[in-house]
Amino acid sequence: MIRIGVVGYGYWGPNLVRNFSDVPGGQVAAVADMSADRRALAERRHPSITTTPDAADLIRDPRIDAIAIATPVSTHFELAMQALAAGKHVWVEKPLAMNTSQAARLVDQADRCGRTLIVDHTFAYTPAVRKIRELIDADALGRLYYYDSVRVNLGLFQRDVDVIWDLAVHDLAIIDRILPERPIAVSATGMAHVPGKPENIAYLTLFFPSSLIAHIHVNWLAPLKVRRALIGGSRKMIVYDDVETSEKVKVYDKGLTVKDDAQDIYQMLVGYRSGDMWAPQLEVTEALNTEARHSIDCIERGTAPLTDGRAGLRVVQILEAASRSMRERGRTIELEAGQCAA
Amino acid sequence: MIRIGVVGYGYWGPNLVRNFSDVPGGQVAAVADMSADRRALAERRHPSITTTPDAADLIRDPRIDAIAIATPVSTHFELAMQALAAGKHVWVEKPLAMNTSQAARLVDQADRCGRTLIVDHTFAYTPAVRKIRELIDADALGRLYYYDSVRVNLGLFQRDVDVIWDLAVHDLAIIDRILPERPIAVSATGMAHVPGKPENIAYLTLFFPSSLIAHIHVNWLAPLKVRRALIGGSRKMIVYDDVETSEKVKVYDKGLTVKDDAQDIYQMLVGYRSGDMWAPQLEVTEALNTEARHSIDCIERGTAPLTDGRAGLRVVQILEAASRSMRERGRTIELEAGQCAA
Amino acid sequence: MIRIGVVGYGYWGPNLVRNFSDVPGGQVAAVADMSADRRALAERRHPSITTTPDAADLIRDPRIDAIAIATPVSTHFELAMQALAAGKHVWVEKPLAMNTSQAARLVDQADRCGRTLIVDHTFAYTPAVRKIRELIDADALGRLYYYDSVRVNLGLFQRDVDVIWDLAVHDLAIIDRILPERPIAVSATGMAHVPGKPENIAYLTLFFPSSLIAHIHVNWLAPLKVRRALIGGSRKMIVYDDVETSEKVKVYDKGLTVKDDAQDIYQMLVGYRSGDMWAPQLEVTEALNTEARHSIDCIERGTAPLTDGRAGLRVVQILEAASRSMRERGRTIELEAGQCAA
Amino acid sequence: MIRIGVVGYGYWGPNLVRNFSDVPGGQVAAVADMSADRRALAERRHPSITTTPDAADLIRDPRIDAIAIATPVSTHFELAMQALAAGKHVWVEKPLAMNTSQAARLVDQADRCGRTLIVDHTFAYTPAVRKIRELIDADALGRLYYYDSVRVNLGLFQRDVDVIWDLAVHDLAIIDRILPERPIAVSATGMAHVPGKPENIAYLTLFFPSSLIAHIHVNWLAPLKVRRALIGGSRKMIVYDDVETSEKVKVYDKGLTVKDDAQDIYQMLVGYRSGDMWAPQLEVTEALNTEARHSIDCIERGTAPLTDGRAGLRVVQILEAASRSMRERGRTIELEAGQCAA
């Protein structure tokens, strides 16, 4: 039985408590939140769980095996370092930390302490992303051309991060999980529309060693909620629409073809092929539940999580480079491979 | 009565013939196309229209007042220059020419010859774009934040231009028509997936003097046809979905607001406001018909068209800069205002 | 403080417990369910709530003020009668009972005992239905022409009722709440596709004193989930799409008009008018939460609920007539107004 | 070469002229329309085609082989009878005639005269309906449960027919083409909302010898255009959405299954199975073009058309019964099989 202390009972914390409580080998023992209102809510919903205003109470509690952190990003590093130092396993909401240096130190600390560090790349555990990875692994798409995501909605401005860190992080986590190559450079543009506040709209392009290209489009001020990625390959193309309630993943048998019509001065010899569409049935499971089970399992067995600290570090490295590129109006920033433990 | 000679009876030419034939003051007198098959088709559909394989026949025909050019982009400049020199009014399919220098020379030539030069920025004449312009002119949206367009589909590769020149040109024409500012710089990324062929996927960011930002997302290898622009302002936001058969323009009463909740450590004071949505009834007219009427009218009265050579030049200038930026992985290219007659 | 005992912790029961727990003046004191598994689940989620396999324990418990019944329909009557007899207020999941006679007896019993009887016509409490009622009350639609609903999905067959009692009941409850007239006759058709099981597809037409007509289309074997009602009036028309996550209610400024074109032999003088569309912002509240608050409030003040026993009786009367009509291949069944307390 | 005279150049006539002109073996020789405006339009578009105000001119013209009739329904019988009597082959827009008796007489007349009688059940020739027929013929759906269509929009009232004859006729033609059984009875309801005008909203249920059931839902006063049929079988289910521009036909691997869970008192042993979805690629052809080719081919070879007079008669028989049932508020009308030549 892994006993978990959850730090932060804001938007995401209640989902953590619910899901870690549902996993057979897990148990949520305590919740820390600075807000008395949030603690009262936690107590009302879960009378058997202890609450405290101070995360340090959980970190030093010897009956607690793991700390799950769901606080603002700026606090992740401090809390996670202390928890690892105290011998706890650590689960951190995305993104892992505020910058590459912090993220790298967390990975090192976890290694040194021999504790499991899990970063909450939730989408990696969704049935849709797992199915897409399975298709790519089986080479169903052929040579990969692009990953192209639109992730926009009318959302609350985050206190301590720009829209890239809040939303693009999801696509970077998906890309880290499903694509067979790692990005080598990033160019980003964006804009802040509220004086003194971070960028609320941004566009990221990721370059890869091959002709694969990824683009991520995020916006906190969109009138619609869109969560749609197109993934194009030489043989098949995928539409992954996370707003759909069914058929989230559609596989199109479409692609390039060659037309041998030299007479046609208007179009080139490259045409396209259009075939059937297929939407595989997906499992009906809550990603956070799958993730919680996997996390407990990795902690118990001492195995590496799918979304470990290294994955968290890779994503933070790109986030950092993207924010920098954005502030320089799209200047390409090379991603240093050496920096990242693969 | 303005007698028109149409050069090029490929994909777009038949629409020109049909629409210029429907305008009261216009008459299509002749069609030129190098292909015997295309000429046969034109003759079958319009027995009263003369055809010829040689555009020069139309340009030197004294009974013809105006030349409409619907040929591959690489031929626009030559044909238009000759036609203007021969004293014809000229209507050119978008984009106006292959580069800024050609476009500027066409504008000069038209000025010198005192002839009307119209560039076929068709979208400028759609009921949807006209309604959006009307809303922006009436300041219904408040301060403009962004224009953000996705224009992708599985399309034929063009013989002589990349996807920016084929698809992004539409958004640049719309932006030129509806936004109150002109872009000052562009950053673009993209990729060619077929060896030896032009880029088939591209992303453009346009910067403006204010915090307004525009982004255009084009792709010839997408499994879906998407034609959707989001236009965000401080007071209202628009979704313009050209694939919809009704309610193409939706106006959302959504925007920023300030929440005074210093207790909330998770989100900032900037929140959002969400109100009603409204879809104005649009006229049911074919854009090309409106454009043909306007063109005939401008030729007859000698007035400047909404989409004149200068608009065509401004758009070509951005296309050229965007293609250059794309080949340099997103390097920002400044747009020289002096080059453009406003 | 109203103390509630919930009978039945299957699909709907957990939602009841959660929502009645959230209402300030309410408290869920105990849950009864025959299944040990379901009781264990309730205990795990709500350690402070007592559980029992026997509903009778709740009914005779003097500390319990109200019984909420979320068991199969066939048990509603027995449980509700006993609870009312024991002096409890009663809240019953829809439909109120298995037939008109049972429903009428429950209404009488509640009257005699002076206890509040609430039927769970959940949709009556949704922001969408409340907005539609408001629009109809304000005469925004003009003369009402039709209510036309499609409510289909791939659903579990119910043990004791046909698809009319399972799904059409929602539309009948909505109709009862929003339309200014009561139906006077019903014609229904349908079919059972599994031998020995109830009808799984059905179509109901309701006739009203005026030319208003209602149609309800329900199906347990549909490949898609559709929840869409069209409501047509002489001035405006509504599309209510409950599957949409935003803009659930759209109001179309469309209607009839007269064309004075006697020359047109193809169409009649009656044409149509098409104007703007408007989607009012809806409150973001969970219907069951609103309903729970209203229920507690009615119990405390002794006022009549919006969805009282009489509403439940009216709906059951139509359900009964519809099932009968369906078994006679659409024969019109008159609804006896006398039977229904208005 | 089959020379065709087209009677009626209103809404549909121009499409006939265009498509019959495009078929290699066909030629439109003349058009008759009472309106001088419509004749002028025809002449303008097709200078080589003769026009006349009087259909009789075409019928007695010895150079004309076939008469295509696209006039109001009330005139079909007279025109078609005269044309057949004059030795012409006849093509009639749907529905074939105003009543069963007229339709039967047309079938007889064509037989007696040895001429081809084709009824314009256009949908039978669409790629979507042809694919659905192919799937049903190959038994891909298993036992058929239902055909369920919604066909509504804001449409012009027809001068001489109710909404059943205008819109439901399409579904009856599709049903006639794709289903392996013929309907044996019909129950319909509906309403007229404009005094003195025909019914503008109607619901038809068709009963078949097996448990197959069909329902057709038509409305001239709907705010949306919906063209969607669900076709359910024991093995697979189809969604046919004609408003979609791609994936018009989706095949769902969904169906019934048996759950062996006697403990579950809430649901029955019948559950469902949900698998992949598949959208077959459809040909991109205009139905009327396919139909025109097939018609010319049948006339030339003397073979029976897919949508011959007998198909037209079967559909008219159901239309007639449905209108009668509707006026009797849903009374089931038996369809006499003997009346219909199979």
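Residue numbering begins at 1 within each chain, and the chains themselves are lettered A, B, C and D in the order written.
Just so we're on the same page, contacts are C-beta pairs under 8 Å (C-beta built on N, C-alpha and C of every residue); 3 or more make two chains touch, one makes a residue touch a chain.
These figures come from a predicted structure and were not determined experimentally.
When the CA atoms of chain B are superposed on chain D, the rotation angle comes to 180 degrees, reported as a multiple of 5. Greatest centre-to-centre distance from chain C is found for B, with centres as Cα means. Centre to centre, using the average C-alpha position, chain A and chain C are separated by 41 Å. Note on chain placement: the centre of chain A and the centre of chain B lie 38 Å apart, centres being C-alpha means. Chain B and chain C have CA centres that are 52 Å apart. Shown for chain C are the residues that touch two or more other chains, namely 224, 274, 277.
Taken chain by chain, the contacts link every pair, so each chain touches all the others.
Contact residues of chain B toward chain C in the complex are 247, 253, 274-281. Chain D contributes residues 47-48, 224-225, 243, 245-246 to its touches with chain B in the complex. Residues 10-11, 34-35, 71-72, 145-146, 148, 150, 152, 154-159, 185, 187, 189-194, 197, 201, 203, 205, 207, 211, 213, 215, 217, 219, 221-224, 230, 232, 234, 237-239, 250, 252, 254-256, 263, 265-272, 274, 277, 325, 329-332 of chain A touch chain B in their complex.
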